[in-house]
Structures are given as C-alpha cells and as structure tokens.
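Letters A, B, C and D mark the chains as written, and numbering starts fresh at 1 in each.
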C-alpha cells in the first residue's frame, strides 16, 4: 500500500522490520497482515529466519530490497540503526525464549520494538526491558491482541467511569481444546511440541500461553491489581511435564475477588476467552469469539447487548471502530488496532508531538512484565499446594 | 384430578399430606403444582402453618376435609400414621431448621417423606434420617429439582456409559443477582432476611442455598466423589454475616478436578445454574435457564446441540419427557419428575413390586446428607484461609 | 389436588368433563396436565373415546366415578347438563372435524366449552358457535396455547400502549421438520396420516395446523386486522395432496404489512414459532422455544432482553407469572394459563361477578372463527396463483 | 507491504489503481484495507475524486507518485493502459450510476476491473460489460463481499455435493434499521440522501442495495436460477419515493421455492443478512453477523454448529481461512478473500497459467448483471400488484 523505497526522504512514512515470520512460520504473517490492514507502516527489512536462505526467499516473496535482508538480528539492528532511512520499529515474532535478547539488542540500537507475548520467560528480564525502553525513550509494545477490540476498550471505560459501580468480582476464563490429546507426540505438530516443552516454553504452558491473556485482559479492563493468588495447575494429559489446565483464585488490592480458569483440554472450546466483571451497580460480559457485542446489565434495567458501531460508546473505543455495526470486526482488526495505535504514537512522536494517555493505549512492556510475574506466582502457589502467594 | 375421598378402599391412589405451604408461603404451592401436573397423588391432609387459622383457610381453599387439617405436625404424623386411609407420604415445605424434626417424626410414624432441600442444617442429622428411613424401609426424597430435567438425566447416562471418556474437569457455576444489594434490610423481603440470618440459615447462605445445588448436580451427573476441597467464601455486601459469593476448588477421588462458583451478587444472572463436564473424548454443557438442550462436543465431530424430544436420548431420560421437541419443559416439569418418580416408586412398592435403580432415580437422603457435609467443609476451608479439607 | 366427589354442595369448585383423551391419545392428557398444574378444576366426567371400553379404562385410571363415564358425548351433554352437580365446562380434545358437533351439543345443553384448535373445519360453523355461545351466555375458549405466555402478553401490552410506535411490519414464522419425509406412509404415524389427509384435516394441512397459530399470535399481539392476503401453498413432499409449506404476504387494515411462513419440511426446526413486530419507534421479537425472554429494541437504546420475572412487565403479564426469573416456564404453563384464565372467569361468573377484559383474556370462539377464515382465504389465494384476496 | 516503484521490472507484483475513495468517502478505504490485509497488490495510481485537489491530497497521504494521480478516469485509463508498468487492475468505488462508463473505459483500455456492487443501474449495461470483458479476455470482479466468507463457501460446496439432498426451500432475509426514520432529511446524512434518491439510486433503494445481496448469496450457495418472482415493495417511511422494505416470493427452475425479505426499517437489526437452505436430507443456516459458524442439521443427527477452522470443511473454503478456530474473521477478511482470489487469478493469468473454476471463485460480471435484472423484475412485479414475473 505504501511505496517505501523511493520515499526515503519523505517524512511521515513509518518503516518496520521483522524478526521471525519466515516461510513455515505462522504468527509473523499474522503480524504483517495486521499491519497491512491499515497500511500505516511498510515492511522494509527482515531477518525472517536463522536460515538465511529462508530469509532471502521470504524477503523476495515480499518484494523487499535484498540489501535489507539480514543473516542475524544483531547485524540487522546495527545496520538499520545506522541508516538514515532505517526502520522505525522492529516486530519480533520469534519463539518466547529469544524475545529478551532480540528486544534488548534493538533497543540498544535505538530502535522501537513491538514484541509478541509473553514478553520474556523471566520477570527480571521483562523489568530490564521496561527500564531500558524508558531510558532510551523508545516506544515498546507487547501484542496482547485482545485489548484491541472496541468492546474491550468500552468495558474498560465503563469501569473507569464507575458505570457499574465498585468492582466486586471478576470471573474470567480461557478454555481451548487443542491439547486434549497428546498431540505433541505427532512430529508434525511443532506448535504443540514447543508449548509443552519446558525448555522452550519456560515454567508453564497453559498458564503462560493463555492464562497470561486472562491476567492482562482483567487488568486492562478493571485496573485492579492482584494482591495475592492461589493456583492449582493441572497436568491432565498423561506424560505432560507442564500444566494444561489451571484454576486460579485471586484477591485484588482493595477487596475485590477474582476467579480465573485457563484450559487447553476443554473439548468444545476453540479460543473461548470470556470475561465477566461484577460491580455494585451492574455487570459487563464479553466473549472474544463474539467480539462485536458487549453485554451490560444494571439492576434497574433489562439486560442490554451493546452492538459495536450502533450503540453509543466512549470516545476511545469509538476511535478504533472501522466498520458500521453488523459488519463484524475480528481478530485481525483487534491486532491491527494494537499496531496502528503504536504506529500512530510513533509517527506523532517523530513529528515532535506529545503523547497522551490515549496515544499510549497499547500494551506496554510493564504489562508484559506483570504477565511474567503472574505466571511465576501461579507456578509457585501450585507447587506449594495452592498456598496464597503475595504478588 | 383425582377424587380421593371416595376411593379410600381403592388401591393405586396415592395420598399425601403437606407441612408448610400455607397462605403467604411460596414453595409449598410449587410442590403442590408440581404434584398436580402429573396428577398421580392427591392432597389429603395438611398442617400448613404453625397458625391453625392459616391451616384451616388454606385447607378450605384446597377443598380438604377439615378432619384432615391439623394443629401440629406431630399430631398429624400420629393420626395419619394410624388411619387405614392415611397419607402415603408427607411433603415438607418448611424452613430448613425445622426439616430434621419433622422428617424424623413422620418416619417414626411409618410415613414416607419428601423434604425440601437442604435436608437439615447439620450432617449428623442428615445421616440419622438416612439411617432411619432405611431401618423403617420407607422411601425418602430430597427435592433437588434440577436432577429432574431430561437433559440432565441424559448427561448422567452419557457419562456413565463413557460417551465422553474419562472425566477430567468439571466447571459448574450458579450465579444469581438477587442479593446484590442489602435487600434483607427491607422488612418486606422475608426471603432475603432469613437467608442471610445465621439463626435461620445455618452456617452458610450462598454456599448452602445454591452451592449445594452445584454439588448435587455435579455428583448426580458425573458420579464423582469429592476427595478434598479448598473454598473461599466472600461476604461481599457490607454488613453480611454469611457468605453471598463462593469459589470452591475441588479434587475428586480418582484424579479429576472441579471448580464451582456460586454467587448471589452476580448482576445480570437470574438463576443461572450451568455445568460443563470435560472428559477425555468429549464434553457436555447444560444450562438450567435453557434446559431443553444439551450441548455435546466430541473431538471428531462438530459441536452438537441435542434437543429434548428430537434427538435420541437414553431410556431413562426418554421416560421422563412429556412433550414433543420444541414445546419447552421447564422448572415445574423437572420438579414434577422428581415427585412422579418418587410417587411411582411408592405405588410400585405398595403393590409389592421390587424397585429398580431407575425406579429410585430421585434424590435420596444420602444425597441430602452429602450436601450438608459439603457446606460444612466449605465453611471450614474458608475459615482456614482456603486450606484443603478432606471430605 | 381437589376432592370433588364429596364437595357436590360446595360452591367454588369447578368441575369439568372431557371428550377425547382416552388411552392412546396425546392431546387430551396435555389438557389434563395443564389443568392439573394450577389445580383449579377437577375432572369429573368423561367420554374419552368412541370405544366405551377405552372410556371405562381411562376413567378408572383417573379414578373417576363410573356413573360419570359416558358412551357418547350426546348422552354426556344431556346428563351433565341436567345434574345439579354437573360439570361446569367440557374440554374437547377430539379430531378437528368433530369439534363443531360436539361443541354445539354442549352449548345447547348449557355447558361452557373449551375446544382445541382449529375450532372447526369451516368458517360458517365457527361463526355459528360464536353466536350460540353468546346467545346462551356461555363461556367458550379455543386453546391457542401460545397466547398464554407472559412474554406474549407483555408484547401485546407494549403494542397497545404504543411503546414501539405505530406498527409497520410483522414477520412471523413457524417452521417444523416433522413432515420432511413421507412419514404418513408409516402405519404407526397416525398423527402424520390424519394431518395430511384432506378427509380428516380439511382443505389445508400446514396452513391449518400451524399457519393458524401464526395468524392468531400476530392478531393477539398487534391487534391488526388482515385486509387482504396473497398466499403460496406448496406440496413439497411428493405425493402430498395438502400443503406442507406456506408463504403468505399480508396487508393489514391501516397500511401495515406482514409476512408469514409456515413449514413442516424445514429440517432443523422443532416447533420454532417466532414473531417479530416492527414499529416506528421500536421492535419486539419473541420465540416460542425460548419463551421466557422478550427482545425489545428501540432506536435510542441498546437491544434489551427482558427476562420474565426479573424485568418490569405490565399488570396482565405479571399476573400470570408463576415462578421467579430464571426458573423456566414452558408449554404446560402457557397452556395452564389459558385454562386457568378461563376457569377463573367461570368461577367469577358463577359467583355473580362481572367479567372484565382481563378476565376474558383467553382465546374466544371469534378468534377461532377468524383462524378458519384465514385458512380458507389462503387456500383460495394459492389456487388463484397467489392472487390478492380480500379478507 | 510491497515496494512497487522500484520493482517495475519484476514479475509477480500486481499494481492497482483506484477510482473514487478520496477524502470523505467511505467505501474506497474499505477496498484499500481489504487489499492491504493480504498485501498481494500495491496501490500505484488513482483518480480518487472529481476534485483534483482531493485526488492529490489523498494520493500524497497514501504516498503515491504524483505522476500517477489523474484528473479524470479517462485520462488515467489511457495513460495506465499505455505504460509498461501500468496498473494491472482498477478498483471502482464510485456511486452506482457511474460504474458503467468507468468500467467500460478501463476494459477498452485493456485493464482488468474490480467494481463495487450494484454493477450498473440497467441490466443491458451489465450485459454489455460482461460481453466486453469476455471479448477483451480481461478479468472482471463485482465485490459481493459475503461470498468471501469460508462458511458461505462451505455451504455452497455442501449443496453442490448433495449433502443436504435436493433443495426445496430457501429463506433469506436482510433486515437493517438505519432508514427507520427519515434521516435523508438530515443534510449530514449523504448516504441516506443518495440511497433514497431515484436520480442517484435508480429504480430501487432497499431492493437494490441489500435485496441484491440476498439474490446473489442465494444464487451463489444454491446454484438455483429464478424462474419467476412476485414482489411487494413498500415505502414505509412517509415521503419516500423508493422502497425501504421488500418481500419477494421466488419460484426457482426445477421446482424449489424461495422467500426473501429485505428491510431498512427493521429496528433492532444492524446488517442482519441470514440465509437458510432446506433440502430433502438436511438444512443449513448462516448469519452474516456471526459469520464463523455454519449450522447444519440433518434428519438423522442432532443439530451441528460447524466452527470455521475447527471442523472439516471442503477444500475451497479451507483454502481461504486465515486464522485458527475461535479467532474471528469478519467483514474485512471476507472482502479481502474476494480481492485476493481475483488478484491471484490475475497473477496466474499473467504468468500464463490456466484458470480453474476455483481460481475464478469471485463474483463475475454476469452475477452483477443478474443482480440488476433481479431488481428490475422486483420493481415490475410490485408495480403490477405483486404479479408473477418471468425471469
């Protein structure tokens, strides 16, 4: 959508590079499509694989200039950091255990970062990245996709403005079925293999992969901070070393309570993230698989189903709506909103603008760090017989 | 529907009496309507209130013979137990803390009993009733209504026959909104007043009133026995002495896990009992507010929605269906099925028949006893900081 | 629930008799259960079958006095009409083509009538019954069950009070699947056999059996009168003489338009009656298979889902609610409401009371007559190539 | 995503231009986003407005080369047709009454065309375009978006393969609420103004704008051809010259029947296109507002809900899926699938490949022509009192 090569001198164009996302990978393409939807940034450089042949082939298929295709991310970070028309940000779509080093390298070379979640495998690393980005005055985004949905943003605003009163209870769940059987033994199922392998996935599987989405979404919508938690992590399918089902009781600061359930063995559920927030005056309910609607009930009125695009929403959610009501927006649009918010902030910053809270409405590295900490505390609690662990 | 008075000598007629259910009461009328639907038993005697005037007025409105209206339940138990045409069973629809004495009295007088839930306020009492009924060879039924739905019975059969494999996880919830505000302070809301009053309600409110339904339903469908549990009982609305929200993690014997949530402060939920059972081959989901359907998903097929009356169900659920598919059966029909199963068993027993497992498919006092124990263990765990308590 | 035989002298007891509903029949038992639910009338007499043996067996099973079991309905009408403690009303649950003669006979003997729908097979007959009931000052009810649902009554009140403005368009449908195959060829499927047989079913099958429910429901809720209609009646399954699928365009007096679809070959639908009414200010939608909810949308608010028992409804619907919200009421309860309204009116009339519009909120014979006329006009239009026929 | 300017010599790059879609327009941006999602073509030229200033501003915002920004579409067609690196196709996103001339001009200059729907305002013009594209051996696509959904493609395949038997009845509806009030009188509502204005919209409004989508979708899924139709077009809101509500009975060749309802005054509906197809063995149901699921019911099985990405679908629908199940795809993805199919076909054709039926699975100009004819026949029927009109 944007012709980058000839516009090196032009202001306003945002260029990005990608680490990972070569042929055979999945999530890198999702990142590219999400950016492509709004067309606000142009892919200019890449190190798509540890295999240079793959990088070259992917780059050619994407019509990239061969001089912007790199053998290593380190080389790329240095070269792009040094170019006048270098990339404005890098998008990291590699396995989790590599995020930290790659993100650090780009930050050190003065390049803004978008990183897939979970941010790192240890909370100290996440904290380091948070600090480094701040030090270098660089923007950093963790792609917690679900915060990009307009209905989620409206839920957040409703809570903030007290529309449902004081929050009392949060019930969030994220059931999936894809690990109901030991599919990691199928040599073709690499996704299952690395998810269930502690060497690649870290200390948790289910709690890390999807439990962290629950934590992030609950935190984003309610603003509540966890004070302590009690977790039971189950290894349901025989032979698993890491959890594939997790139940977590949460106490928030201020007295509200929460209950989270994440599962990869819940047959009948695809990607069924759902959150219900109960306040003293009303409640809201949102379901990722039906994301254009928000159910709102207050004590004095019949249950309402808000339709994105039809019913009045607050300014921030309204700002990220692309289609009229009844024209469903889905996963790519939410992903694109995370990216476009980041890219717009970047463009504004480059142009010397001052970033507002709304400009920065994308998941910061501190949110990523909190996610890692959540995982660590859940594992600790479960190992101690679901003992309550301070956060 | 049945003319009882003139048929004193006839075999086949089942007569019943009622304790409670006078003017101004609610649940007694529900019991009468439920029995009236199938018309298999005729109300013949009553002590509808501690206030004899009320009993007389209620009895007259119900066209009962005045000689069968009693001042006390003790008097009634003795008199009816002694009559040749005495009642076959008594239906107890009084406040919880009176169930034990009343039930015991009727059993001692040789009269079969149907008792509202929870059976008693202490598990020892429940055990006593269980034993007494057995000793006396009398039938005893606790009206856990939700086991009366055909879809619930089909779910139970599916689990028993291994249709969804080995059970791994149970997620059951029962959110309501009616105690979201301190309505017990409203002098007209007697229901709220006694529910939240430990003197009348015992050691628990939410866990006792609706948590026990979860326990019973999960047990009925899965046959799983609780090995240990960890509970967090919340007093959400300021000033409450008893719980109005409860989260319970359960470990079953054999390794399956469960998660229960009961709430009376969940705005937007009427009486939203829902259970999801996940096995190694498939899962089932049922929702009390939409009771004619059962969602069944196995790994090899698209999600199926079984419609009661349309889709093949096992013999036991099929036997309790009254209308063709698409003609909704609801709460009264489920209630009536509990009663009619009991009444049919009674009639068969009177006629000298041998009762099969299907004949006895109504909640036994042992189920009632288990419910009381569940409440006690939840309270104990919560008081000990959600410690795991052996069952 | 009521002991009738000994209360012959008592005022306040309502006695009824039944024609049809012997062993092997279906709908008669539904009528009895519906009456039994509220227990406001007691079955006292019957001619349950043309086969006297069947009548005797059915009567005995129902514990009726043998002297109130009759060989013919004529005999019964005369005898009961003459008794001091004779039945107050008769319930007619026989095949359609017999309704007229039976109803007429009972009216002539001074006995009030409840008759299954469709009322007759010719509109002249229906008109005759309407007039005769008026002449004799007797109450007459046609059991259009679906008008008994509280949500339907609330919809009617909303329209009457202008809550959704002036009505513009009505879209009502009633798809079923049960005649998708030529099941009438199965000798065990008597229901299918007589429905598809013009000798027993009259000039229409689908339009008569379920199309008439659409007409009645639309008329009940909106109060609109049909000015003209254009119908296409299809005989989809090979070999059928009568319609099994029907599409009808309707013009109402005053300018509103309607669209009706009835089908018995719509695979995937059980008994899926649904009505949507669009006004100038809002719209309402109701579905018989989910009858406890009413969807209401106005232009200025998000879509609302009213829950029966939770959300404020007008006095008339509120008066017929039996259970708190979330405790589903279904088909029997709607049926019982039709009956209980009729029985209450009868009792009040016997007691000398003056009947109000609310007392008379059960389907009158004029509604039954209108249903027959509707069927006749549809058949006429279809035979004339969907020509517009004046009503 | 693609750097076009420097790759003039490269094969494989697809360049496109756009007519319309300048600042202040809506649908042009939708087209660009849809193309951007998959990133298979790059915007290279444009005449975005009749106002050249607007074109220049839009072009600059999109980082286009100024020499590829044109004052008129005629100029652009000639210039781009003559360039070696000229655009491969043009995307037409202008008001309906201009489509014909623009499309014709580009075809005459040897440029492939994608045109918004409805294709033209007269069926003769549509036929001319169909013939011209064939003569010139150019690809031509009409953006009937809804055919791009995977579930729609699976429905089509199911019908073709006989999975639901012989088609008997089609019920399709497309209710919207946005013209429930005379919003065309609001000077800011240009969309409403031109839709309801016969000078700009042609002979029909509702039937043209959304009725044509019904016709296209029903035709795409079932393959049935209309033999005759009877239509009633209503002008519900006072003062309207064109229809805002339409009911259409359809007879298909071969004996199946259909019923279509389109409305812009149906309060409570956003963009609620829904189609139900009933066959002799089963039925399918699909709803645009919940597009990732397909409900399939056959007589021998419980109702099934197919989840896109989870449940087995045929090769063609499977080929257009972008995300795993439970990650909702919506309107943009469907739109992108129409475009990407077209672009892939173009690329294959350029590379000398032979196009298969699957390659050509995008709406052809003949489908566009059929849509125009449908509108004309509906208007004719309605004007003749819903007379049956041969197709």
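The rule is simple: a contact is a pair of C-beta atoms (placed from the backbone, for glycine too) under 8 Å apart; a residue touches a chain by one contact, two chains touch by 3 or more.
Note that the structure is a prediction, hence the values are computed from the model and not measured.
Chain centres here are means of the Cα atoms, and by that rule the chain farthest away from chain B is D. Comparing chain pairs A-D and B-D by the number of C-beta pairs in contact, the larger count belongs to A-D.
The distance from the centre of chain A to the centre of chain D, each centre being the mean of the chain's C-alpha atoms, comes to 34 Å. Centroids built from CA atoms put chain B at 45 Å from chain A. One simple way to say how far apart two chains are is to compare their mean CA positions; for chain B and chain D this gives 56 Å.
For chain A, residues that reach two or more other chains under the stated contact definition are 303, 307, 310.
Every residue of chain C that touches chain D in the complex is listed here, in rising order: 164, 168-169, 171, 173, 177, 180-181, 230, 232, 234, 236, 245, 247, 249, 257, 259, 261, 263, 265-268, 276, 278-283, 285, 295, 297-299, 303, 385-386, 388.
Within the complex formed with chain B, the chain C residues making contact are 1-7, 10, 12-13, 30, 32-33, 35-39, 42-44, 62-65, 176, 269-272, 288-292, 307, 309-310, 322-333.
Across the complex, chain B is touched by residues 296, 301-307, 310-311 of chain D.
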